[in-house]
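The following blocks contain the structures, represented as structure tokens.
Both of the next two complexes hold chain A, though its partner changes from chain B to chain C.
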Partner chain A sequence: MITRRTVAERLPDRWRTGLVSVIQFLLPFLVIGLAWELAVRSGLITSSSLPAPSTILAKVWALSVREGVLWRHLTRSLYRLSVGYALAMGSGLLFGTLLAMNRILREMFSPILSLLISVPTIAWVPVFLITMGLGDRTVIAAVFLGGFFAITYNTIRGIEMVDVSRIRAARTMGARGLHLFASVLLPGSSVSVITGLRLGIGYSWRALVGGEMLSAMVQWGIGKMIYQARFWNDVTVMFVGLITIGVTGFLLDRLLIRWLERVTIERWGMVAER
Partner chain B sequence: MKVRRWILPILLVASFLGLWELAAHFHWINPSLFAPPSSIVRDLLRLHVRKLPDRSILLTHIGASLQRVFVAASIGTVAGVLMGVLMGTSRLVHRFFDPIITLLMPIPGIAQAPLFIVWLGFGDPTIITVGAIAAFFPIAFNTAAGVRSIDPQLVRAARLMGTSSTACLPRVYLPSAAGHVMAGVKLGWARCWRTVIAVEFVAAASWGLGYMIWDASEYIRSGVVYGGILLLMLVYLAMERLLLESVERLTVRRWGMIRS
Partner chain C sequence: MTDNIIQIHGVSKLFGKGDREVVALRDVDLQFREGEFAVLIGPSGCGKSTMLYLIAGFESPSSGQILLNGKEIRRPGPDRGFVFQDYALFPWKSVLGNVMFGLRRNGVPHREAKATAMRFIQMVHLQGFEHAFPHTLSGGMKQRVGIARALAYDPKVLLMDEPFGALDAQTRKLMQQEMVSIWEEAKKTVVFVTHSVIEAVYLGDRIVVMTARPGSVKGMVNVDVPRPRKYTEEHYLHIREEVLALLEEEVAKSVKNLVEKDRRRDPDVTPA
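Entry: the complex of A and B
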């Protein structure tokens, strides 16, 4: 006990607070998992449609390490996510900037945008199924649409908040087009843009899962794994899928977006470092 | 000014629809996959009229979805506000449930549906449960944030003047947190609506706008699919205007919590 404490004390401060917050984060799951496990073991829950956490974890082990199917589902999903999200990012930033910079374009499109935003992304999937087929393209289109609106909307808001005199100053000094965008507009709007990117990846990830479930020709993907489990009423696999979706979504947000924040707005001193 | 603001977008949409109509008419695009606006309207009217003396199929679909949203979102709101108040007033409860909400919130309702189908079967029980869960998270999250951000001086002052700690809840906590709660309720109801439509795709038995769209897409009746999307927009806007804004007027605006 004593040695352990000294080891912990020797760790750098940042690591120690990090470790504490990781433990604090995991503790509730441990408590609930244990209670659930005990309820199943003691015979309080006897239903075959509510497996014990140990059964679910064993399934995670079997699917990921022994058979490797979980990775195949996950990598397929991540591939679709990255293609769709990259498209959403590129076009959302571009479209958002255009709309923010041009009053006529904005007056033309912003009411239409707010109408379209009100439709749930997943509702577009049947449209894509009809027009683009039952395969990858439909799923990627759903991912794209999920991210696109959030990124566009927040880019517009961000650029509208950039001080006009800065834009004028850059213009008088000869900045045009892409140069103006990269050196003035993007940094100036970055806090809002990153909020859009963060919301966007969440929406994209959710749209991906739904799209995979609904597209008949898609065989691999984390959403498909859950959907297929339905045919055997395999609740354990469903739980594995839901946990994978939750954890991956969480990691995408924490690792990817946090990294993006660190190399941009925190380095530029636009927000307080966390 | 107001009129001018609407001219450009309406022109844009009108010319888009006109082009679509022409393209389908001259078979530049396949009209059975890209049903032109005229046949969208025709298909919707047909759905409305077909069994009209008894009932309108279209309105029954809309009614079924709305009913599910109201039931699910109401359950989610009550549970979410309760949970949020608990999380806001007790640090322990907050520490315990915050990680759980963080991890469960990003899981889309449509992915939860298969699990609940196994437990509860197809139809209303599954759709309403998943919808209620969807509404619950943002409401609990925002209520907790609102209650936690209350100035402790207010609570102390109220206690000093003899308000019991249980009476503090409706008199101090809820009114001060009302802005946050309202924001959460808005998010929650919107999310519930989205989720109900999505879950209807996979779990509905015979009624609901989601079911209508999904069923039509399986038989490639594209007019009904596009019409369904249009209805989703209109119903959502109507819901937002009528319901949420009137609730807001009755609560936070009247109490002067946000500027009207």
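Entry: the complex of A and C
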């Protein structure tokens, strides 16, 4: 008996599942992109208000490979993001831990935290522009503030939820203070802390784009690129900016946060592996 | 002087305040001898775990005093080892890392701590699993790690809070047998909490039966049967009956208390 096998069936299993997930990932993009392309080409949408995907991709190519300005915008943005986010991470973890460990501090500061968390980060930027100037510092402050609350809150929650038996076990064996924190409280709260880091990097990234748009002395940055495109009515560049923001945010999550999850909480069996 | 390593004098423990106040323990006087295997048994909610927490220093008594080697217990410390019902292993550390924890905390250099930990891992028959993470182990294996971790740093007393309560019947029986040889090898004072009479009589030198809430000492039974014990021996079965008789009165009382509490809450419920 002769059985016919498709190309896909002849591939090794690992390749096949890899191929399937790549197709699953790309298919929605392809479908939407194609519909969009057709809508623009058929004149359903005017290309001056919404350029076709092919136009945008050509522009991405031009700005990145040919002219290189996209990289310069992106690296400036990533620099501000890393400084602001590192500050948010350090202080959020520290502050969150202090509040989780000390009831008096928590009662003193949690009203202020609840009050501040409802203020959109972008609303602070005009204030920062006056106090910190029109340059990098304002943008970094916005990035910091964007990430700080999510990291702080999730650190508090994470430490509060560390299994009391584990703390007791560690204390019985002589762990105290900083060592108790580093060896039990921090890893014990990592599921929640990583959620905070993930939300935090998203909020920081958004705050960055807003901050760059509002800071007059900032010349380079993805947010600035979009903002400047407004003066030339260049919708295509705006879309290049939007796509860059989306893709970079996605990559930050996949490369940093997913990596962190894989080497910690998934390895330790604290969450199901994905 | 006395060879009582733990002395409990007139200890009471209250939880909550006002209307919600619950007396978990009332006027408990109890001694544990150096090197003995003591079992605390009682109906659920009788405060036997609370007693163990007080000795561990996780809670402090509302009145009275607990002495360990003549010194009052104020906080948890490495002169005690604790084995939890839910294992309480550190999932972010390997088996070896878990067992080394207490040694490293108490100033033992890394190389030496590792060697000692490996010895205890062998004692609980987990050699070959020292680099495994706890979530990959079965319940019985996890509790072996729990026991090795609590013994490795050489505490004076081993406190065990229903350590085999979460295990299936077969594993539980095996762990009880191994516990006897571990105890004989490690030569520790053990205070072991359980609600299983079979387990208590199989393991203990002495069984302390506690009353229903508020918990106090109802009676004590010495198990003068040489180890390894056989479940079928006549004298042994006799002791089991004795413990059971003491316990059943208290179980009946605690059930009655529960029903009455329900009735107060909901007058339509009639007692069974």
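Going forward, the second predicted complex is superposed on the first by the 243 of 274 C-alpha atoms of A that agree within 3 Å, B and C clash if a C-alpha of one lies under 4 Å from a C-alpha of the other, contacts with A are read in each partner's own complex, and residues count from 1 in each chain.
The rule is short, and it goes like this: contacts are C-beta pairs under 8 Å (C-beta built on N, C-alpha and C of every residue); 3 or more make two chains touch, one makes a residue touch a chain.
Computed from a prediction, not measured in an experiment: that's the story for all the values here.
Once the two complexes are laid over each other on the shared chain, residue contacts for A:Tyr227 go to chain B alone; chain C is not touched. In the superposed model, A:Arg168 makes contact with chain C only, not with chain B. Measured by the number of chain A residues touched, the leading partner among chain B and chain C is B. By the document's definition of touching, of the two partners only chain B reaches A:Met213; chain C does not.
Of the two partner chains placed by the overlay, neither chain B nor chain C lies in contact with A:Ala86. After overlaying the two complexes on the shared chain, residue contacts for A:Val247 are found with chain B alone; chain C is out of touch. With both structures placed on the common chain, the touch criterion links A:Leu19 to neither chain B nor chain C.
When the two structures are aligned on the shared chain, A:Val184 is found in touch with chain C, with no touch to chain B. In the superposition on chain A, contact is made by A:Thr264 with chain C only, not with chain B.
With the contact threshold set out at the top, not one residue of chain A is in contact with chain B in one structure and with chain C in the other.
Across the complex, chain C meets chain A through its residues 56-58, 75-78, 80-82, 84, 86, 88-92, 101-102, 105-106, 133-136, 149-150, 153.
Interface residues of chain A facing chain B in the complex, by the touch rule stated above, are 24-29, 31-32, 49, 104, 107-112, 115-116, 118-127, 129-131, 202, 205-207, 209-210, 213-214, 223, 226-227, 229-230, 233, 235, 238-239, 241-242, 245-247, 249-250, 253.
Contacts from chain B toward chain A in the complex involve residues 5-6, 8-9, 12-13, 33-34, 95-97, 99-100, 102-104, 106-108, 110-112, 114-115, 117-119, 193-194, 197-198, 201-202, 210, 213-214, 216-217, 220, 222, 225-226, 228-229, 232-233, 236-237, 240.
Considering their complex, residues 163, 165-166, 168-175, 179, 183-184, 187-188, 190, 264, 267-270 of chain A touch chain C.
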